[in-house]
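Each structure below is given as structure tokens.
Presented sequentially are two complexes of subunit A, the first with subunit B as partner and the second with subunit C.
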Partner chain A sequence: MFGKGLFQGLGITFKRMVGPNITEFYPEQKPVLPSRVRSSMGLQREKCICCNMCAMACPNGVIKLTGEKDEESKKRVLKSYHMDLGRCLFCGLCTEACPTKALTVTQEYENAVFEADDMKWDMIARAERKGKEG
Partner chain B sequence: MQTLNNLFLIIAHFIRSLFADPQSVWANLTMDVINFIIVVVIIVLAALILILLERKVAGWTSMRTGPNRLGPRGWFQTIADALKLMGKEDVTPAGADKIIFKIAPMIIFSLPMMTLAVIPYGNHMAPIDLDLGIFYFLAVSAISTLAFLMAGWGSNNKYSLLGGMRAVAQMISYEIPLLFSLLGVIMITQSFNLGDIVKAQHTIPFIVLQPLAFVIYIIAGIAEVNRAPFDLVEADQEVVAGPFTEYTGLRWGLFFLGEYGNMTAVSALAATVFLGGWQGPFLPGWVWFWMKVGVIIFFMMWVRWTFPRIRVDHLMHLAWKVLLPLSILNIFLTGLGIFIYRLVMGG
Partner chain C sequence: MSIDKTEELVLNMGPQHPSMHGLFRMIVHLEGETVTEIEPKIGYLHRGIEKLAESRTYTQFIPYTDRLDYLASPHNNWAYVQTVEKLMGVEIPERAEYLRVIFGELARIASHQVMIASTALDIAGWTAWGYAFRDRERILDMYEMTAGSRLTVNCMRIGGMSAEPPAEFWPALESFLDDTPEMLEEYYGIFFGNEIAQGRLKNVGIMPKELAENLSITGPVLRASGVQYDVRKAYPYSIYDRFDFDVPVRYGCDSYDRTIIRMDEIKESVKIIRQAIRDIPEGPIMAKVPKVIKPPVGEVYHRVENPKGELGFYIVSDGSTKPARVRIRPGTFVNLQMLPIVAKGWKIQDVVAIFATLDAVLGEVDK
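Right, the complex of A and B next:
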């Protein structure tokens, strides 16, 4: 019949109008992330044995780390651990290479920064800050 | 209840009673100024609310929430937008016809002011009770065609001119079915006075007697105020913003005010002529009136966010080949109905 489609269209939009909306109120309500999201890196300093496997696994050369030998326990201790997040793919190869699971992929996603230099992360400082914040 | 119904009449009476002679020239002048201010406030408030409501409806139809940042649930958004508009630079294009360019938005804004002045907002509540109410309303609203053309021509911009020409073609075409659709009601009531038309709907609103005319009026009315699906005048994808392309700041804001004012005026006329105006049980008359206007405005928004824009040639076909014959048929049927009614009733 002539005009039937018009009423169908009106019906559909009305259903949408009274139905639920799918807007996420992002800063107030955090989205529920899928379990496999890889969006940030985390380091547990005491687990790290400075084997440099992560740096070697990284396809982009993101990771630079230095370690030194602790005289008392005769173990290598992490001295510095830097990641250039600007080049990181979050592919997770470094975490797979890590023998002690010191390096993990985490699900923090609010990583935006204003300066390019801010993307060079000092992982030790970040780990300490995170430890303080809880 | 009765007090609430006549609230504004009582206020008007009180203001008049402050004068030594309540019917003197000065009392009348004061009342006219107050009425004028009320109409302007209605237009500004309507624009403030409707712009936001439009965005909300747009959001709801696409499963969003619409503006949600400023104020409770985003209801102050338009105020911020209006303030932003005031802060904008007032640009006049170099090659523009300056006088026409500057007059056009003022004319657009003044038209809903003139048309809304004859609408009865309640019993005896028309700011100006004109005997030729409908006639005046249609005559004045026809001028907006000219204002669109002035804006299009004065801007010295090809898109503006195209939009202006489209406005002329569209609005003149749809004026005729709009006019004819109201003729049936005038034939029944034998009056151009909007107050009389509302009173004639005491038992039954004219939408029941004139359903075809109402449909034609709504379609032609949406086309008259250049809203989607008939928004060819300001079709963004084709002519940028039509006649508004070169306007900035407050002048552009005036266009917007005028547009939403016109929308309110067309809806108010529809509510007055077809839906029984301020007639209704329980609630005060002016509440009923604005509820009916609100329903029609909501319907216009609903249509806008449902249908895609109509093609230019289809636009003309719809006006001249469908709406015009239908409206003439409606006049014929109304005449026939009145004839039969008189035969039966022996009038």
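Right, the complex of A and C next:
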């Protein structure tokens, strides 16, 4: 019968209309993301050994870091760590390359900014501001 | 005074247009509502990915392959890493091969769901759009919990996989596979069984078998024209020779068959994933590859069956850490050449339907 398919489709629509809601009410209810989600980066300064592996793993040259030798412990310590998020692919190759897991992915996804310069992150300042998690 | 002949009208569609998948532009010559000529214009999404490869190391290029056919990014990863592995002669662990098959077939299902949804949307079936996207979300969640990203998954590495799926991945996968028959029934009920959708798609944009073969069409578009060709069967790569599955073929050669063949392919993908879950061994997921990847001097070509057609990578190595040349053979770029030939003589609304059934992703076409 011509038109049967139309009514069948309407039936499905009505069934779903009374069914459970599947949408998320985003700004009010924030989703909990799995721990592997690469939506942001975090640095734990004391773990970093300034080996430059993250900067070398990056396809786009996002990471620039400098270190200096600590006279007391004779170890290299981090002096500055900058990331230009505007060029970041969020591929996670830097965190995979990090031998001490000083640089890790984090699940903050609200990274929108108004100015292009705000995408240049000073990771040490961020880590100090946000506490241990970075 | 009577008007019995209209002047030719030149209409520009795109690059930004509601019925365009990405940035594709076509200049349509019309006689009334009938199309007399189409000039496709591509290149609006050109990012020079092949050139970028020459200034990146072999591993650094993997995230860029995600950005080719972004609806099935594990497949692009797969094609690229297998090409480099072929060049280096690396054997990868069994478990990684099975995981690659599972992710590849999940990507095929997700890509076909988008195709069904966007075809419905292009012929003004707004309701049907939401159903396929709702179900695709579950696949994206599985990518997310394993590899950490939803669209540009970047889940494969030269020598294996980037990460072992977490414990909650397997129940999620099982329940998704269990729900697929119901999903497909719903897609059929809301879209394929609908008389309006059938009226818009059936016997529209006929591409005969000979034409499809002459144009080097691949993928579901070719199989809907009655040619049984699938790289997974014709030239088995990875471990596809171990699985029992059929290659769906349809003989209608029209837009309806080009769309509904994706439903058959989803069923076959579910069959493959079930066998892979049954047979997957325990073990490592990464082969022992050197930290700095330096393939020997030489060149290699490798192809896989992408959800949209045959995807090939041609890599020339000069023995350094960066490829000397990477050439990508995308399925939809080649498939797109049927549009000006097949769409000629159809009405302007049929052109939109014919273009939709090609399932073109311009990230792959423009590169």
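Operating definition for what follows: the second predicted complex is superposed on the first by the 117 of 134 C-alpha atoms of A that agree within 3 Å, B and C clash if a C-alpha of one lies under 4 Å from a C-alpha of the other, contacts with A are read in each partner's own complex, and residues count from 1 in each chain.
Everything that follows uses one rule, which is that a contact is a pair of C-beta atoms (placed from the backbone, for glycine too) under 8 Å apart; a residue touches a chain by one contact, two chains touch by 3 or more.
For clarity, every value in this text was computed on a predicted model and none was experimentally measured.
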Comparison of subunit B and subunit C by subunit A residues contacted: C
Touching partner for A:A112 - first (subunit B), second (subunit C), both, neither: neither
Contacts of A:L6 with subunit B and subunit C, given as first, second, both or neither: both
Contacts of A:F14 with subunit B and subunit C, given as first, second, both or neither: first
Contacts of A:P34 with subunit B and subunit C, given as first, second, both or neither: second
Touching partner for A:I22 - first (subunit B), second (subunit C), both, neither: both
Contact residues of subunit A, present in both the subunit B and the subunit C interface: 6, 9, 12-13, 16, 22
Contact set on subunit C toward subunit A in their complex: 56, 59-64, 66, 127-128, 131, 134, 144-149, 152, 154, 162-163, 166, 186, 189-191, 193-196, 198
Residue ranges of subunit A in contact with subunit C within the complex: 2-6, 8-9, 11-13, 16, 22, 33-34, 36-38, 57-59, 89-93, 96, 105
Touching residues on subunit B, where the partner in the complex is subunit A: 57, 59-65, 68, 302-303, 305-307
Complex contacts: residues of subunit A adjacent to subunit B: 6, 9-10, 12-14, 16-23, 25
